[in-house]
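You will see subunit A twice below: alongside subunit B first, and alongside subunit C after that.
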Partner chain A sequence: MTVIRGITHRRDPAALQRFLITSIALAILWPMMELAQFDVFALFEDRKLNVFINFLGQFFPPDLQRSFLLLVIKATLETLAMATAGITLAMLIAIPLGLIITYSLSISRIGPASGHWLAKLGRYCARMLMLLLRGIPEIVWALLLVRVFGLGPIAGVLAIGITYGGMLAKVYSEILETGNTLPAKALLISGSGRVNAFLYGLLPGTAQELASYTVYRWECAVRASVVMGFVGAGGLGQLMDQSMKMLNGGEVSTILIMFLLLVLLADYISLVIRRQLA
Partner chain B sequence: MKKIAFSFQNLSFTHANGKEALSNISISASAGEAIAIIGSSGSGKTSFLNLVATALRPSRGSITVLNVDPWAISKGRLQRLRSQLGLVHQAAPIPPRQRVITAVLAGRLGQWPLWKSVLSLIYPVDIAGPQACLQKLDLADRLFDRCDRLSGGQLQRVGVARVLYQKPNLLLADEPVSAMDPVLSDLTIQVLLEDAQTRNACFVASLHAVDIALRWFPRIIGLKDGEVFFDLPASEVSESLLQQLYAAERGVIPTQGSIN
Partner chain C sequence: MNTHPAREFCLKCLVTLLVILSCIAVSFIYLSFNPLALFTKQAMSDVAIYTARFFPPDLSPLFLKKVWDGVLQTLAISALATLLAAIASLFLALPAAGQFGHAPKVMTRFLLNFLRSVPELVWAVLMVLAVGLGPFAGTLALCLHTIGVLGRLFGETLENHPQESTEALKLAGASKAQAFIYGALPGVFSQFLSYSLYRWEMNIRMATILGFVGAGGLGQILYYELSLLHEPQASTVIMAMLILVIGVDMVSNQLRRVQMHSLG
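For the complex of A and B:
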């Protein structure tokens, strides 16, 4: 029992609240685990464990035949091209959208009020568009677009561009809002436009974070383009789909090793960019 | 008749939190005039300058800046008006990773077309201009340094250089020398005064140090609790008047180097 200036504190006054929040979180989590059929012990049942081990066993050794490696390299390049083109498209969508919805770049915030409702409407429409773009999973976009453009990487590129455009716009604007917005405000007050206030006031402080998030999204796009390969959008995914269907574990593990290398590459690129911008 | 730089008519300003910063102020200033605003902290100096800079909108009363009512004109015209108003902020609003030259060039963003400002990020479109502005403030050697390598006083001078480069018709400064030593303070105030005079621009500065105000500015406005306590030529500002102005600080008159 501690006594401070005559007030007695028998226990932490926040304890009850914390206990309640934890209980509520657990109460919500438990039915969700049930619903998702989450059962760790199932993995260790004898029969299932054997199936699992046999399946993993097929993965060894990786298939390193020259002809297959050439195929993998070609598919890797296709995947990289798909991810890079997709992210570029996503940035083209995200930069204008992000700038529109960033409140700290709003000229109407510092006045005058004229055209204020129009600005609000524009921002609202941009938000809705963003929601639509990123709300529908890329695999669904890909399935739709494969119908339109036929089998091949173009469907994947567009699917990544659309979904990631929405995601990047959201995160871009969040990064821009959380940075120091005073420089941009000062520029707006001295008559500069929205784009200039962004370039000279917000970008210097946030470039590092924006770039590293974009590279992370590129890494995600590499993985996403693999998934989309399964629905016929080309690249490593399509190759993996074929190997899986032929139950060729060695080939699958070669492709998986390639994935790991690509993620490693993304990590490295991110590091280099962050160092450059630091 | 002299050209009016700005004027307030029965102007009041209330913050969003309900606190009244300025009440019922009527004042006017003509082109080429140099005015110092003094008063204890919280007396409304910053609000005064922000109202002239059109960064704040008056709650009541009206305002005229460079012969127009900024809140009655179109958005485009207001933006052009704002590019003619230069405000030196107390804490220079400059991103730490920006280079000094870019920070100074940013003074003209309101006057440049977009292509020029984008081009300037790739290669500075003007090197001599910013260099000349920095030269006056004894900072020319830091032209290509990053702003996070500068001291507080140096950064404040970069903020001043930006407004010099902007060449505004109405030059405003909110405690522009608060982070500088006496020698640099005097130099900076002199440079600002000279710049405003050569272009016949009106110069209004809020100052913490009363001695700087009295030494350099012909007209002194004393603000107290959001009202104009006095508006006099420097020669008529007496010791007892100042003591009344700073009554909230037990009559201690702040001067250069005194602790705020």
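For the complex of A and C:
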């Protein structure tokens, strides 16, 4: 109820609008809940609830048997190695791709043959490839690669390399284009090659940002490599998947704790390296 | 602009670089993975043969309908999970921003950190145990993880928001709830909304793969078809995923550009 100049509005002037918005929202929400088979009562089904509570109950205490701990530590090292090797492969993919699509290194843009169709085609193909690499989630790549290279960390390393290669290429080219591009342009105009223009014109100003982003991606890769284990691509995730399937809560909780520690460690390492670069 | 003179020789940088390089070498050795082995004739023909099995993709109307349903389900899972998480985070943001004193703040933050640290896929496995296979498990799993993320972001926004208007309402006699709804909420709502939309974008991506552990959506169809060695069908699903992910990317980029223009 608002009072303006003595007139009392008993009704909310925006009532119709609000009513319409609410009904449209409900009309969208209802089929969505149907699609997602939203069923709160499923949470309280006796049988499932018992299994779940039993499983959660086993989380305490965590399984700290020596033999199992050794397995967990081995898997943790494997996870770290997967992330490191994966990022290395990603860089090998990203550096050439990123350089190809970077406009500030384009000779065809400044020369007499401005906008040559061959250059355009090459850049277009590189962009498409990049989109394909990073558009498919890493776990899907892992699932596919496991079928070619067998269960184990190699599929995971390749999956990280492919997806993160696409992502790094995109970000590398963005970093190279948003920095100061005049030195590179000057070099290109005065006749230097693209590689030299990159090394002497662009790299000095952007190296720190490029490296720091790569380290950040390494941190993401550690997280991702855990998840990829669920499709059999090695590391902590694979161990967790096995323990989950056997409903061994104690083992799962040990692995979860280890995973949280690992993520913290990766956070810390990446912070230290990035600070050193600054 | 790079105005620094060329850097002098730096021992620390050199040592860091050497450590990193040796870590990389150790990683490859530990995994006994030789990247050059990928370029042998055997490996390349294996990959080529396997890739060829994905073509041509299955584009029969019946299967396309199934994939389309999968896409809709993926969108529904992500939207519902984000909506529920945003509502829950709204309530958790108050204690997380320290509105009810110190002890609730620490406890809520711990809870939010925990929810956020466990990956979505692990939540999904747990939820599949709790409510059975299907998209509902995926919705719950995404929701739990998203509460962890949004709760923290909402709480921080609320903490950084100036308190004057809330204080003024309280002094004028408004209750705590009224002071929050009319004093703080209008100021932070647009920020909350943009965080939620951003999270929805990430959740769509996540919902496409939650199905790998049986939590519904496109991922479940893909996992199922690949298990049955139906590669042409799998390749249709992968294409649908690719289109979905790229589409979401483009829409959100466009929206961000529009938003940036409207902000000047």
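The rule is short, and it goes like this: the second predicted complex is superposed on the first by the 218 of 278 C-alpha atoms of A that agree within 3 Å, B and C clash if a C-alpha of one lies under 4 Å from a C-alpha of the other, contacts with A are read in each partner's own complex, and residues count from 1 in each chain.
Keep in mind that, in the parts below, a residue touches a chain if its C-beta (ideal position, glycine included) is under 8 Å from a C-beta of that chain, and two chains touch if they have at least 3 such contacts.
Computed from a predicted model, the values in this text were never measured in an experiment.
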Touched partner set for A:84, first subunit B, second subunit C, both or neither: second
Residue contacts on subunit A - larger count, subunit B or subunit C: C
Which of subunit B and subunit C A:226 touches, first, second, both or neither: second
First, second, both or neither for A:180, with subunit B first and subunit C second: both
First, second, both or neither for A:196, with subunit B first and subunit C second: first
First (subunit B), second (subunit C), both or neither touched by A:205: both
Partner chain in contact with A:121 - subunit B first, subunit C second, else both or neither: neither
Doubly contacted subunit A residues - partners subunit C and subunit B: 180, 183, 204-205
Subunit C partner contacts - residues on subunit A that touch it in the complex: 29, 31-33, 35-39, 42-43, 45, 48-49, 51-52, 55, 77-78, 80-82, 84-85, 88-89, 131-132, 135-137, 139-140, 143-144, 147-148, 153-154, 157-158, 180, 183, 204-205, 223, 226-227, 230-231, 240-241, 244, 247, 256, 260, 263, 273, 276
Residue numbers on subunit A that touch subunit B, as the complex places them: 107-108, 110-112, 114-115, 180, 182-183, 185-187, 189-193, 195-197, 199-202, 204-205, 207, 277
Subunit B - residues contacting subunit A, complex: 53-55, 57, 70-71, 73-75, 78-87, 89, 91, 93-98, 102, 106-107, 109-112, 114, 117-118, 121, 166, 168
List of subunit C residues in touch with subunit A within their complex: 1-2, 12-13, 16, 20, 23-24, 26-28, 30-31, 33, 35, 38, 46-47, 50, 72-73, 75-77, 79-80, 83, 117-119, 121-122, 125-126, 129-132, 134-136, 138-139, 205, 208-209, 212-213, 216, 222-223, 226, 238, 241-242, 245-246, 249
